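Common to both upcoming complexes is chain A, partnered first by chain B, then by chain C.
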Partner chain A sequence: MKKIRLIVFVMIVAFAVMGAGYAAWTDVTEINGTITTGWLDVIFENPISTDPGDTPEWMQLINVGSTEATIARSEKKTLEIEITNGYPGYESQVTFDIKNNSTIPVKVKDVAIQRYYDSELDVDLSEISDLIGKEMAVGETIKNIAISNYVTEDAKQETNYSYAVTITFQQWNID
Partner chain B sequence: MKKIKVLFMVLLVAAVVMGAGYAAWTDHTTVEGTIGTGTMNVEIDTGKSLEPTLTGPAYVVLPKPEVSEDKNSVSFEVANLYPTVYKGGDISTHVKLHMQIENVGSVPVKLDRVELIPNDANDPVWEKLKAAVFMHWSNNPKGYTKDGGNGWNSLTGQNAVTGLLKDLGTFVATNDLKNFVMRPGDVIRFGGFEDDEMNSFRFWLPAGDVNNDEYQGEDVGFTLVFHWKQFNM
Partner chain C sequence: MIGTLLHTTCHMEVMIIRKQGLEKVNKLQLALLFTIVTISLSLIGLGLAAWQDNLDGLGYASTGDIDVYFVGVELSGDKTEKMGADISPDGKSIRVYINDVGENEVIELYYQVANDGSIPIKFYTQVENSNLGLQIENSLSGGFVGGSQHGWGYTKIEVGQIESLETYNFNIRLHFQQWN
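Our next item is the complex of A and B:
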């Protein structure tokens, strides 16, 4: 009998404690963080040649040289300048724009020039070299950057000369 | 335990340094320039029916002119020449040279000078030989222009330029010729072929000037060299 009383007492205490457990209210707060990074993208635009080869028909046999300037591929990161049938004294100029198509500002970190000629050409790339350190805001365009090409008297016939200029852009806040 | 701590520190430092290296974003644009040069090349035409030829009076020996390998000069030696009374339309009174020069290069040119090199410059016959030269140019030598012309334009005017043959390089350098820009495909004719026989490069030994026997037994030989320069120089 004593045992039964003890069991009943224990059960009463157990139910009482269980009831107290369900009595407490709860709530939750949550922080969801999403970080989307921007991108860095600088492109060429608006290449213009002073001698694109669209000379009037009556002049075509005199003005036999031509300079074509095109932006290659959809990434717009390569500007191709091609002079055809150049001769000593031939001169042309190409202008183009550089646009910061990024979501962050950029600056010109470096300009690397490779010249595959000696005295046969006189190519003025100073306007590109002068860009080093230049900062560009988001969406900013540097317009009418010019490259001048001149074929000198040292140029040989039926020969190809070339040059390559690589402009490196970097995010503006890192040295 | 100590080793593990050291290894951990090294890895930590390496990770920090690596992070700094990759931290800056970069992008590149490239300008590629290619300059191809053309050719300057003017040649004496040696094609069929256009190669240099000589015609002249009876009994005068007229060998086939020799064109140099680079096609820049032509040489010949006329034998048994004798004094004649020159008449423009009469082939029995002079020797005619027919020759055509073509700009086969890709850039225009101008004639710098014509050089006549006698085989024997001390021969007194060079003080007597006379020449009359008509020159024409065309960009359409085998066809006809839209306005009905034959495509030929004079470089010497209505009348031939004349002088002593030895001075050809001087008197042939008319303003029209010196200023003429010979475009790729253009041709100049010294003399004519079947279509303009009257306009030619002629030379003769004038009968009135050579009344003694001093000039008998003479062979006349010379080389004509054409020097060209770029049209824009």
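Our next item is the complex of A and C:
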């Protein structure tokens, strides 16, 4: 009996010393995830003025006002509308497109308008204000958004008036 | 057997007390950790932010002006030696004098106006103090004067019934305004 105990003890010690033991078979599988994010990019396109100043020569004596609409910078984030030589009664309209150049849908979160004049100008920005809440699919373009400009009788001579509109777009799925 | 049970029971109670203590510690630690994380995120401004993009529309409007004054005047008639016309220093008026005029005479006045403004102009005529039966016609060549342009005006004065040896004054006021 003592011998058996001794043998068991020796075997235990031996296995322990040589590091052997009972091990279950194992295997490993992996899931490698890669997420690439898209981008949000909304741009202006196709600005068109109804009075760009290219009137025929016979009209140039009378049609002295002009309205230029340009997209500033290559990012196409800024639309500049410049009325030159305006006078009471002068009116013009600028139309433009807004394109969702993003990889995700967007929606118009906010439209902020700042007017640096009182009653000297009558600028109709309602078509922009109406965009609030509108969703745009990827690649979608809203065409022919119009801004109407009218110089009123309150306008003073040789004076500058201005306004600024900021349209904020946001990913469509977050309020 | 009873002793073993008692021993076991006592041991379990001790363990329960320790676990409760650990839970209290863990809750405190969690609360502290949560607070620190919240404050840290607030301080560094981190949060769940939706992607945004802005488009800016900038509008500028500059107005022009009108600036009209006389730059030349000529008289035409049967007795030009007895008539004359002077432009005031500021160019805003013309003084016309005609002497020894008789009935049914016709005096023609040609004047040149300059528009130094940028907006085309036209005018309408207002005759004041005309009590001698004058027939006055006034017109602007082409109907308007463009910005930075000169234009010729024409006034025709037909004398009606007048008294001899009298002096008659009259004013012709030209109201210039933008052409539209």
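In this text, the second predicted complex is superposed on the first by the 147 of 175 C-alpha atoms of A that agree within 3 Å, B and C clash if a C-alpha of one lies under 4 Å from a C-alpha of the other, contacts with A are read in each partner's own complex, and residues count from 1 in each chain.
The rule we apply is simple: a contact is a pair of C-beta atoms (placed from the backbone, for glycine too) under 8 Å apart; a residue touches a chain by one contact, two chains touch by 3 or more.
None of these values were measured; they are calculated from a predicted model.
Novice: Should the pairing of chain B and chain C on chain A count as a clash or a fit in the superposition?
Specialist: When both complexes are placed onto chain A, chain B and chain C end up clashing with one another.
Novice: Should A:Met136 be classified as contacting the first partner (chain B), the second (chain C), both, or neither?
Specialist: In the superposed model, A:Met136 contacts neither chain B nor chain C.
Novice: Applying the touch criterion given at the start, work out whether A:Val151 contacts chain B, chain C, both or neither, answering first, second, both or neither.
Specialist: both
Novice: From the superposed pair, tell me which chain A residues show up as contacts to chain B and also as contacts to chain C.
Specialist: Common interface on chain A, chain B vs chain C: 40-44, 61-62, 64-65, 77-89, 98, 102, 104, 106, 109, 117, 121, 123, 128, 147, 149, 151, 155-171, 174.
Novice: With touch defined as at the start, can you tell me which chain B residues reach chain A in the complex?
Specialist: Touch list, chain B to chain A: 23-40, 106-108, 139, 181, 183-186, 230-233.
Novice: Quick check: in the complex, which residue numbers of chain A touch chain C?
Specialist: It comes out as residues 39-44, 61-62, 64-65, 77-89, 98, 102, 104, 106, 109, 117, 121, 123, 128, 147, 149, 151, 155-171, 174.
Novice: Help me check something: in the complex, which residues belonging to chain A touch chain B?
Specialist: Residues in contact with chain B: 40-44, 61-62, 64-65, 72, 77-89, 98, 102, 104, 106, 109, 117, 121, 123, 128, 147, 149, 151, 155-171, 174.
Novice: Using the touch definition from the top, list the residues of chain C that touch chain A in their complex.
Specialist: 50-66, 117-120, 144, 146-147, 149, 178-180
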